[in-house]
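First subunit A sits with subunit B, and in the next complex the same chain sits with subunit C.
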Partner chain A sequence: MLTILFDGVAYGMLLFVLASGLSVTLGLMNFINLAHGAFAMVGGYVTALLMERLGAPFLVTLPAAFLVPAILGIVLERTLYRRLYGASPLDQVLFTIGLVLMAMPIADYWLGAEARQVHLPDWLSGSLSLYGVGISRYRLFIVGVCGAIAAALQIFLVRTRFGAQLRAAVDDARVANGLGIDVDRIFAITFAVGSGLAGLGGALAADVVGGVDPSFPLKFLVAMLIVVTIGGSNGILGALFGALLLGVLDVAGKYYIPSIGAFIIYGVMVATLIVRPQGLFSRGDGR
Partner chain B sequence: MSGASSAVARRIEAHLARRRRWRAIEIVFWLAALGTILAFPSRAALINEIVIAGLFALSLDLILGLAGIVSLGQAAFLGVGAYAAAILASKDLGDPTLGLAVGALAAGALGFVTAPLLLRGADLARLMVTLGVSLMLGELANRSAWLTGGADGLNFSMSPVLGLFPIGFTGQRNAALYSFVVLFVLFALARRLRQSPFGLALAAIRENRLRAGALGIATGWRIVAIYTVSAAYAGAAGALLAQTTQIVSLDLFDFHRSADGLLMLIIGGAGYLYGGIIGAAMFIVLRDVISAATPEYWEFWIGLLLVALVLVGRERLRDIVLSRAALVWPKAAGRGAA
Partner chain C sequence: MTARTSTLCVALAALLAASPALADDNSVTIGMILPMTGPSASTGKQEKAGAELYLQQHGDTVAGKTIVLAVKDDTGAADVTKRLAQDLVANDHAAALMGFGLTPLALAAAPIATEAKVPEIVTAAATASITEKSPFIVRTSFTLPQASAPMAQWALNNGVKKVVTIVTDYGPGVDAEKWFGETFEKGGGTIVERIRAPLKNPDFAPFLQRVADDKPDAVFVFVPSGFGSVFMKQFVERGLDKAGVKLIGTGDVTDDDQLADIGDAALGAVTAHHYSAAHDSPENKAFVAAFEKANAGMRPNFMAVAAYDGMDLVYRALEKTKGDASGPALLAAMKGMSWTSPRGPVSIDPETRDIVQNIYVRKVEKTDGALYNVEFATIPDVKDPYKAGKH
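Take a look at the complex of A and B:
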């Protein structure tokens, strides 16, 4: 029981890191980025390949799994994404589906269709027993890392000058610009951080889902969208609660009532949208 | 006062009647399509696929082009229509017309039930609701193996259309003609719908839902109605697909089905009803050509096309193609018609 709860929390934390970037671009900047999962794939590949080709230790590869997608994110944001900030949702959907369709064959072409494994170091594999509850070491590690990231993001958004500028830019880009805030730069940095976090999430998730392969961008897309939908557009905390709820429900549902399987999370999402289209953890009445 | 308003009503009626008339270019389009089926019996299977995909894209055009609703879950109705027809056929009720009607009705009923979900929230919520519904149905079909065959799908055989024309592997040209007739009838219906007061009300809702409501248009019911019709069209497409290929599988509910339909519609251009059919033809021929050259990577080129389409601007690109095509290929000039 407690083990399942813990696995659910770990899965939720993972979803949170994967989706946090999306919750910022989608929830705050109002940009529908269906290609977010492609950045997660890049992060997963960076870790897998660094370990495989260079024999780098797992922990060392994680910063790279953040940096490479972040740099890719900033390049794409500057060249392509920014043109579509004001575009219609349909254009954004089409454009980002196009990017996903391009990303998957590129990965296939370079790296082949088979899944690349991330091999965990010894000290992260196996499980330990805490007060009689069996807990996988790696899941504990995930909860720790992701929890720290969530806390850092929340403090960053609420307490720092950059966070205040971002919130101002999101609320009203024109006024923020008039007040001397460099909105372009803020959006670019935010986008890069979000992409980097997706990459980090992809690297952490690789072991849980059995390796990284070219279909990775679509694997988590639905789950990420559900997290943002349930969590609502109210910044980091909503996404965190949404992700935890989804993670626990999904793991518990698959364990206790396997016959209905993935049905639960879709049901929860549709029910949420009926009751509160703006998300469960959102103040105000949305857009 | 009443004299003035009836004069306005007469003018609107005359305007609609004028737009309802079939233009020469449209007649040429349909004759050319029919001629293509008759002229290339060896490619009948591919043409049949195009016709059915065209019907599916047309169903998306009804909600996107007419009412301005973006959906990522149209595959739900495709799947329901296909499975309804397939289950009927596997129970020895193999009459295609019956299966077609049942498939369309089942999908329409599902559309009617789920349409109220579209009335709340903004575009994003709609995207998610439609996507969520199609995922749920796919999962449902997967779990109800006693009815749907689960991951194995269903195999069944069909009776001849109207008891006369056998379809399937032995009669692929018949199958293509059958699909074509269904497409034409449903298209004519959609065309009539678009040039009706109901179509005008939808256009008002698409342009500005708030103002349309202020004008006294019951926007909620109009959206429910067009969504139901669109679902029935997608269901008919699914039923045709099941009947002419005589196989159904879970992949009918997949996200990529909805995305492909959207792509076809966008390539052809939304809002004038021919876009879906033209887009389907271009998409499938393109896929056929590219995947013959590079089977694994054809998605890349479709993705590149999409990105380019959005960056250049959908309308602008279409105008360029149209003006070029009109010079060498008069049929294409009809794409702006209706």
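Take a look at the complex of A and C:
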């Protein structure tokens, strides 16, 4: 029972890191970035390839799995994404899904269709027993890393000057600009951090889902969108609770009623959309 | 006409016919439809390499005919398979269709094989009922009941009494679950639970936790080739190996192609299958050595050997018909054909057109520093039990 709860929390934490970037761009910048999963794929590939080709240790590859997609994020934001801020949601959806459809064959062409494996070091594999509860070491690691990221993000957004500037820029970009806030720069950095987090999430998720392959961007897209839907799209805490709820329900559902377990999360999403379309943890009304 | 002008005419004709030259009277085209891209691309890669190795070893001439192998990529999508099959039959006049990485792909081509009277040689897809969808389907891979039923028999004979089955929820998985379960229960064993995992969700953690709580003697698993790695890792991560739960299954989970990637987590897994790269026979040693040499060290798996045998079957059939490449003649020649494959003695059951072969029980062991499925028991001449029960 506790093992199931723990597994659910670990899965939820993983979803949170994957989806947090999406929640930031969607919630704070009002931009629908369906290509978010592609950045997760890049992060996964960075870790898998660094380990495979250069024999780098797992922990060392994680910062790279953050940085490479983040830099890619900045480049794409400066060249492509920024043209679509303020465009209609349909344009944004079509544009970003187009990016996904391009990213997948590119990965296939360069790296092949087979899944690249991430081999965990010995100290992260296997399980340990805490008060009789079997806990997988790697999942414990995920909970730790993702928990730290969630806390850091929340503090960053609420307590720092940059966080305040970001919120100001989102609320009214024009006035913020007039007050001397460099809105362009803030959006670019935010976008890069979101992409980097997706990459880190992809790297962490690779082992759990059996490696990184070109279909990775779509593997988590639905789950990420559900997290944002359930959690509400304005803020880190909403996404965190949404992800945890989803993770626990998904794992518990599959454990207790395996025959329909896979559908439970969709049921929850539909119920949420009917009862609270703005998201369970959203303040105020839906936009 | 002088000798000179006639030479010119021939040269001109040859030039004009440069591309359709393949379709002259003396050539026989084998249309091979495989997923070369997309999630099942590893199947396509192995199959193509297997078929090409056969061509390379045996030359492209048999019974006075020149064999042309046309490999097409269906990306794993059934509608593409169907279109390619149509194209190969109508435009390239293919004498046989071969390949078919997944069950729906093999089924998509079945009506075309029937209508065009062209043999469809299934070298991958393993749902038992496929061969019933067209009288022109012949199979050189295996069927899941063929591997699952002997696995159950072995488990019964080796003190396994309680089993949980985990299969991926689609055609072959349901086949494996049904035939393992029925055979096992008929022999006095108990299936504690039958779990079907969705095809799209590759996190097995909750299902494996159920296994851990059920405390069976063994867990029987079928997952498509490619998902073996994540399953094995999570099996060990959950400490099931230390809890004394045996891992048994069909050979898909310890696919030769993936075994190195799975790593030591696979050690000790017992599976029943028709082919292992470690099969101890002179034919197989030669096959594996040639395959690895031609493909930069890639180890052949059961897909490669099935494609190799598919080509072998076409060659043998053409020899028997003395070069008559018409569909019904080839089909008649294929029925009842028997030969020695790298996997051991095989034959095509004349009634069901499915392959009859030895099923081996194997255990993953480390030999010479690499992981292999080492065979330790043989169940000879296994027919597909699903169709054998009907006839």
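For this structure, a couple of remarks:
Following the convention adopted for this analysis, the second predicted complex is superposed on the first by the 287 of 287 C-alpha atoms of A that agree within 3 Å, B and C clash if a C-alpha of one lies under 4 Å from a C-alpha of the other, contacts with A are read in each partner's own complex, and residues count from 1 in each chain.
The rule is short, and it goes like this: a residue touches a chain if its C-beta (ideal position, glycine included) is under 8 Å from a C-beta of that chain, and two chains touch if they have at least 3 such contacts.
Keep in mind that this is a model prediction, so the values were computed, not measured.
For the composite obtained by superposing both complexes on subunit A, the positions of subunit B and subunit C are free of clash and fit together. Applying the stated contact rule after C-alpha superposition, one finds that A:V75 touches neither subunit B nor subunit C. With both complexes superposed, B is the one of subunit B and subunit C in contact with more subunit A residues. By the touch criterion defined above, A:G211 reaches subunit C but does not reach subunit B. When both complexes are overlaid on chain A, the residue A:V100 reaches subunit B alone and has no touch with subunit C. Residue contacts after overlaying the shared chain place A:L67 against neither subunit B nor subunit C.
Within the superposed three-chain model, A:T3 lies in touch with subunit C and out of touch with subunit B [touch as defined at top]. In the superposed model, A:Y11 makes contact with subunit C only, not with subunit B.
Angle at subunit A (Cα centre) between the Cα centres of subunit B and subunit C in the superposed arrangement: 70°, in steps of 10. Looking at the shared chain after the overlay, A:A115 reaches subunit C, while subunit B stays out of its contact range.
Closest contact between subunit B and subunit C, by C-alpha atoms in the overlaid model: 5 Å. Taken together, the two structures place residues 105, 108, 113, 259, 261-262 of subunit A in contact with subunit B in one case and with subunit C in the other. Contacts from subunit B toward subunit A in the complex involve residues 64, 70, 72, 117, 120-125, 127-129, 131-133, 135-136, 139-140, 143, 255, 259, 262-263, 266, 296-300, 302-307, 309-311, 314.
Contact residues on subunit C toward subunit A in their complex (touch as defined above): 37-42, 195-198, 200-203, 205-207, 209-210, 212, 226-227, 229-231, 233, 236-239, 261, 263. Only residues 26, 32, 80, 83-84, 87, 89-91, 93-95, 97-106, 108-109, 113, 218, 222, 225-226, 229, 259-263, 266-267, 269-270, 273-274, 277-278, 286-287 of subunit A touch subunit B when the two sit together in their complex. Within the complex formed with subunit C, the residues of subunit A that make contact are 3-4, 7, 11, 105, 108, 112-115, 117, 119, 125-127, 134, 136-138, 207-211, 213, 215, 250-255, 258-259, 261-262.
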